[in-house]
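Two complexes are shown next, each including chain A; its partner changes from chain B in the first to chain C in the second.
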Partner chain A sequence: MKIIHAIWFFCGHIHLTLVIIGLMMLDLFAGYHPLKHHPEFFAPINDVGFYKWSMTYGVHYLKHTFWLFMLVGLLASLSINTFVCTTQRMTKLIRHRSAFSTRIQFVLRLSPHIIHYSMLLMFLGYLISYLCAGTHMGKVLLPGTSISLATPACTITLEKLDIDYYRGDRIANMAKRAINVTAVIAIKNDHRQKRAVLGFNQPIYFSPISIHLKDFAPKTSGGMGRRRFIHVIIKNDPGKYYYFAGMLFFTLGLFMYLWEKRVKNGEFKIKQTMTQGQGQENRL
Partner chain B sequence: MSEFIQSSFLAATLCYITSLAFMLRRHIVGATFLLSVGCFCNALSLGVRYYTSFPLLPLYQGAYFVPCILGVCCIKPVFSRSGHPVHLLTISLLAVTALFFPNDYYLPFLQFKTLFSHLFFLFGVVGKAMFFMSGIWAVMILIKSDDSGNIKKMSTTTMWGFFFWTLSIFSGAMWSYLGWGSPVIWDDPLLSTTMAVWLYYTLFLHLHLIPALYRPVPRSVLALLGSVTMFVSTCVPELGIFRCPGGLL
Partner chain C sequence: MKNKLVVMLMGALLMMSGCTSDDKQDASETKADKTSFMSIGGFSVNPIDKGWVEVRDGAGREFVLIPRGETPPAGYEPRQIIYTPVQRVVAYGSFDIAILKALGVIEDVLVGVTAPKKEWAIPEVVTGMEKGKIAFLGNYNAIDFERLKQSEPELVMTWDMSIIPMVEEMGAACVITTTPVAMCLNARMHFVKFIAPFFNREKQAQQYFHKVATALENIRETTRNATDQPKVMWGDIYEKRVLVEPGNAWVGELVGLAQSDYLFDDVFGKSCIEISLERFLFSGQDAQIFFTYRTPKNGATSKAALARANPMIAGLKPLKDGKVYSPLPHYSQSGDRLDEILTDIAAIIHPSCYPGYKSKFFRELPDKDPES
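The block that comes next holds the complex of A and B.
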């Protein structure tokens, strides 16, 4: 029992956090050059997921990718450390909640723990995403044509493609270049069908997949009649709910943390003013 | 338009440098006035830059935004005499760096046409300015030794820097998801250094748990080191090659 207790406390020790984060920083700085000079080794992570990538690119170019494997290991260590550390502190805080004069003070004091648990939720989301997400790459659609997916079974049709070209002169060097792309897409499977507009940063959701516009043509107006098409990324990412929920709660925790600091600063200023006032009274 | 953008930024840089000279001569009112004029010219240059590319995001503009935000943050300390020439020296050096190493001639992509790309950029530059500010307060603590007012300012600016840096990362993740279907795009080298800086400041905010490091001098040294690390790892890669500004030749 004593050993388990010792391991539990070792796992949550702040000095361990210091070492892990220090190593992660060094590792990330080491990753800058491989990412800058060989982005082609890392870009496929988005397409095939981390597991398949590690078995192919990752192992084959180990000299350039070792830092990413180390980073994953360090992230796992940081997750354990954060979970243990924040659980220890939160249980202590809950045990002594009667020491807080108001409930809001107690809730605000929980803000660092909300941030820590949110971070873990984000990591969980990334883990699910990189292990389970499926991507259909290289899907090109011409107006009026369809593509069929096997998993999940559905048919995607590009019904209409509108490309607006810039005509003004306010935006520098953009004359005759595309400024807006909208594609009307119809998706259907055995149970339902949907018609929606796809654009840049405007994906279409058809549970469980999302369709994102990656590229299109022609990018400039004029010239000979060139073929019009769009290139889409079709993604099935079950981790997205977790990492976005994590981000949302992390931001909420940050706001609470800043609010708590403001309240503390206010109290500190009041105390300081009162002490100064008392000093003046004493002198008088 | 391009000439106006460059000339107004050149004017801003000259104002910052002159303001530093006034500050060294202990002419506080003059220094504050020139700093304000510098910020105005800088803001004008940034406004026109944004106007000529909106709704797309102008690329590699961080080097021009940071001196302006830092300048606005420094007006109050400089005017209230709690400022130091280090404030104006940092702003001037950043402005000179942006002036001589421009990298703003790339056309933006259509993927930049979203609120999240703008938030990613704007939160990021505010975060950078806050981290520089924290480094400046750290220098002042190291020069003047223990000063509780400056220590508090250093902690507060670091905290706000971390807040904006985090929001920038989250906005970037949101943008990345909407544009490419993944919260992380694995072909940008700045991804790793941005995360390294975030981790550095995460550690900095946990220093109160390590009594040996939670003293004014070690904290100041670490805050200063953070600013330098942030500059070298996230600002320098965004700079272009050396170019003499057109107006100077």
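The block that comes next holds the complex of A and C.
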């Protein structure tokens, strides 16, 4: 029992945090060179998932990828360390909740721990994404055409494609260049259907998939007269719910933390005014 | 003590971080077993099981190559299955077609191209078109899909993603053979190993690779003691666009390997990448050698003709007192002779290292066109 206790406290110790962060810095320093000079070894992680990537690129180019495996290990250690440390602090706070004058004060004091738990939730989301997400690469849609997915079963149709080209003459290099693209997409399966606008940084969600715009053509108006199309990436990523939830709780924790600081600041100012007032009374 | 420990740890991490050159990697890959995974720029080849090979094309799409007559493995969509050796191919890119030639399958498998007969310098393509075995399918932006269908391709090798839906509807596989980022020298040399498994020609691919790797090693040895480091630029100015080969492209890397200074070394991206006019003209002030994209057919007959076509480049140093080289028409279709192309470029950059060498793929532009 004592050993478990000792391990538990070791895992949550701040010195361990500092060591892990120090090692992470060294590891990232080592990873800078391979990542800069061989991005082609790392880009496929998003498409094929971490497990398959490890078995192919990861293992065969270990000289360039070892740092990423180490980083995953260090992130796992940091997650354990954060979880244990935060849980230790939480249990202490709950044990001494009667020391707080109001319940709201107690709840606000939990804010840094909510932030830490949210961070862990986001880490978990990314882990699930890299391990379990399915990606359909190289899906091309021409206006009026459809593609069908087997898993999950659905049909995606490009109903309309609008590409805005620069029409001004103030920026000569931009003449006739595409400046914005929007695609009206219809998605349907046996149970429901959806019509939405797809753009850059404007994905479409149709649970459980999300559709992301990767490329389009033509990039210039006139000229060679290339065929109009969009290239989309379709993701089925169960991890997204976790990191969206994590982000939500992180924001909540951050607001609670700022509120607590504000309350504390207010109390401090009241105290300061009271002390100054008392001093003046004493002088009088 | 702690400081020493940190320094040692950092040293160890740096040593492991792959600072060695890719050439050593090439050498080890030459010896490598053909059944190992290989990343080739944006492409990959992954032998999986029972002689099946999983490949990833330039758009990140995965296919599985399985010997004819075998049952397709589970877990793949029908469009991902390609039976080998592939017997009927339509190819867009001249480099792809040159690689088919290097693998010794061009006469057997090529059934369609996107350039008319008069534009071909590859004898096998010209003969195939004369015999009616190879069809001209229309220009890349106006493909005649009826003719494409009549060619009954099993595989279409293209850079144009917009044809994927139509090709897949025909029941053929469509493989993208370009990547969003220019092929580096290493990828250019290895590309043949991506194409080879489609035709069960791994041995020929290895021979081709060995030939190019040897040429590269010879270039390194020959230019090792070159006294000067000429400044080189590769690109051109068109009506509204300035296009150059970026530093990450194979030509940029080759120039650096041949003990010279590539002036667009800091530019990163796809082949024929667009840069600003100012950047191009700035580099042109220092350049000694200028490789233009234009062939004699496109107006690159002399320095004066280039300057006439585009007065803005008249001020470039190579046009005034340097050297300007234009690719000969067969250059872009000679990917099967990559070793000779690399040697040609090295000899142009360092003529003193290659006395008496006569260029096969480029022509040095005279100051003026000969008077007729």
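Keep this in mind: the second predicted complex is superposed on the first by the 250 of 284 C-alpha atoms of A that agree within 3 Å, B and C clash if a C-alpha of one lies under 4 Å from a C-alpha of the other, contacts with A are read in each partner's own complex, and residues count from 1 in each chain.
Here is the rule we go by: a residue touches a chain if its C-beta (ideal position, glycine included) is under 8 Å from a C-beta of that chain, and two chains touch if they have at least 3 such contacts.
The structure displayed is predicted, hence computed values, not measured ones.
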Just to be sure I read the superposition right, which of the two partners does A:H96 touch: chain B = first, chain C = second, or both, or neither?
neither
If you stack the two complexes on chain A, which partner ends up touching A:N173: first (chain B), second (chain C), both, or neither?
both
Examine A:S129 and indicate which partner it touches, taking first as chain B and second as chain C; both and neither are also allowed.
first
Looking at A:K235, would you say it contacts chain B, chain C, both, or neither? Reply first, second, both or neither.
first
A:R195 contacts which: chain B (first), chain C (second), both, neither?
neither
Once the structures are superposed on A, label A:S210 by its partner contacts, choosing first (chain B), second (chain C), both or neither.
first
Tell me which partner A:G31 touches in the superposition: chain B (first), chain C (second), both or neither.
both
Where does A:K264 make contact in the superposed view: on chain B (first), on chain C (second), on both, or on neither?
neither
With the touch criterion stated at the top, can you tell me which chain A residues are shared between the chain B interface and the chain C interface?
29, 31-33, 39-40, 43, 172-173
Seen from chain A, its contact residues with chain B in the complex are 14-15, 17-18, 21-22, 24-25, 28-29, 31-33, 35-36, 39-40, 42-43, 45-46, 126, 129, 133, 135, 170-174, 177-181, 200-203, 210, 212, 214, 233, 235, 237, 240, 243-244, 247, 250-251, 254, 258, 261, 265
Once bound in the complex, which stretches of chain B touch chain A?
1-2, 51-54, 56, 107, 110-111, 113-114, 116-117, 152, 156, 159-160, 163, 166-167, 170, 173-175, 177-189, 191-193, 195-196, 199-200, 202-203, 206, 209-210, 233
So in the complex, the part of chain C that touches chain A is made up of which residues?
6, 9-10, 13-14, 16-20, 36-39, 41-42, 44, 46, 56-57, 59-62, 77, 141-142, 160-165, 176, 181, 187, 240, 276
Hey, which residues of chain A end up touching chain C in the complex?
26-27, 29-34, 37-41, 43-44, 47-48, 56-57, 59-61, 63-64, 66-67, 137-138, 140-142, 145, 147, 150, 172-173, 175, 215, 217, 224-229, 231
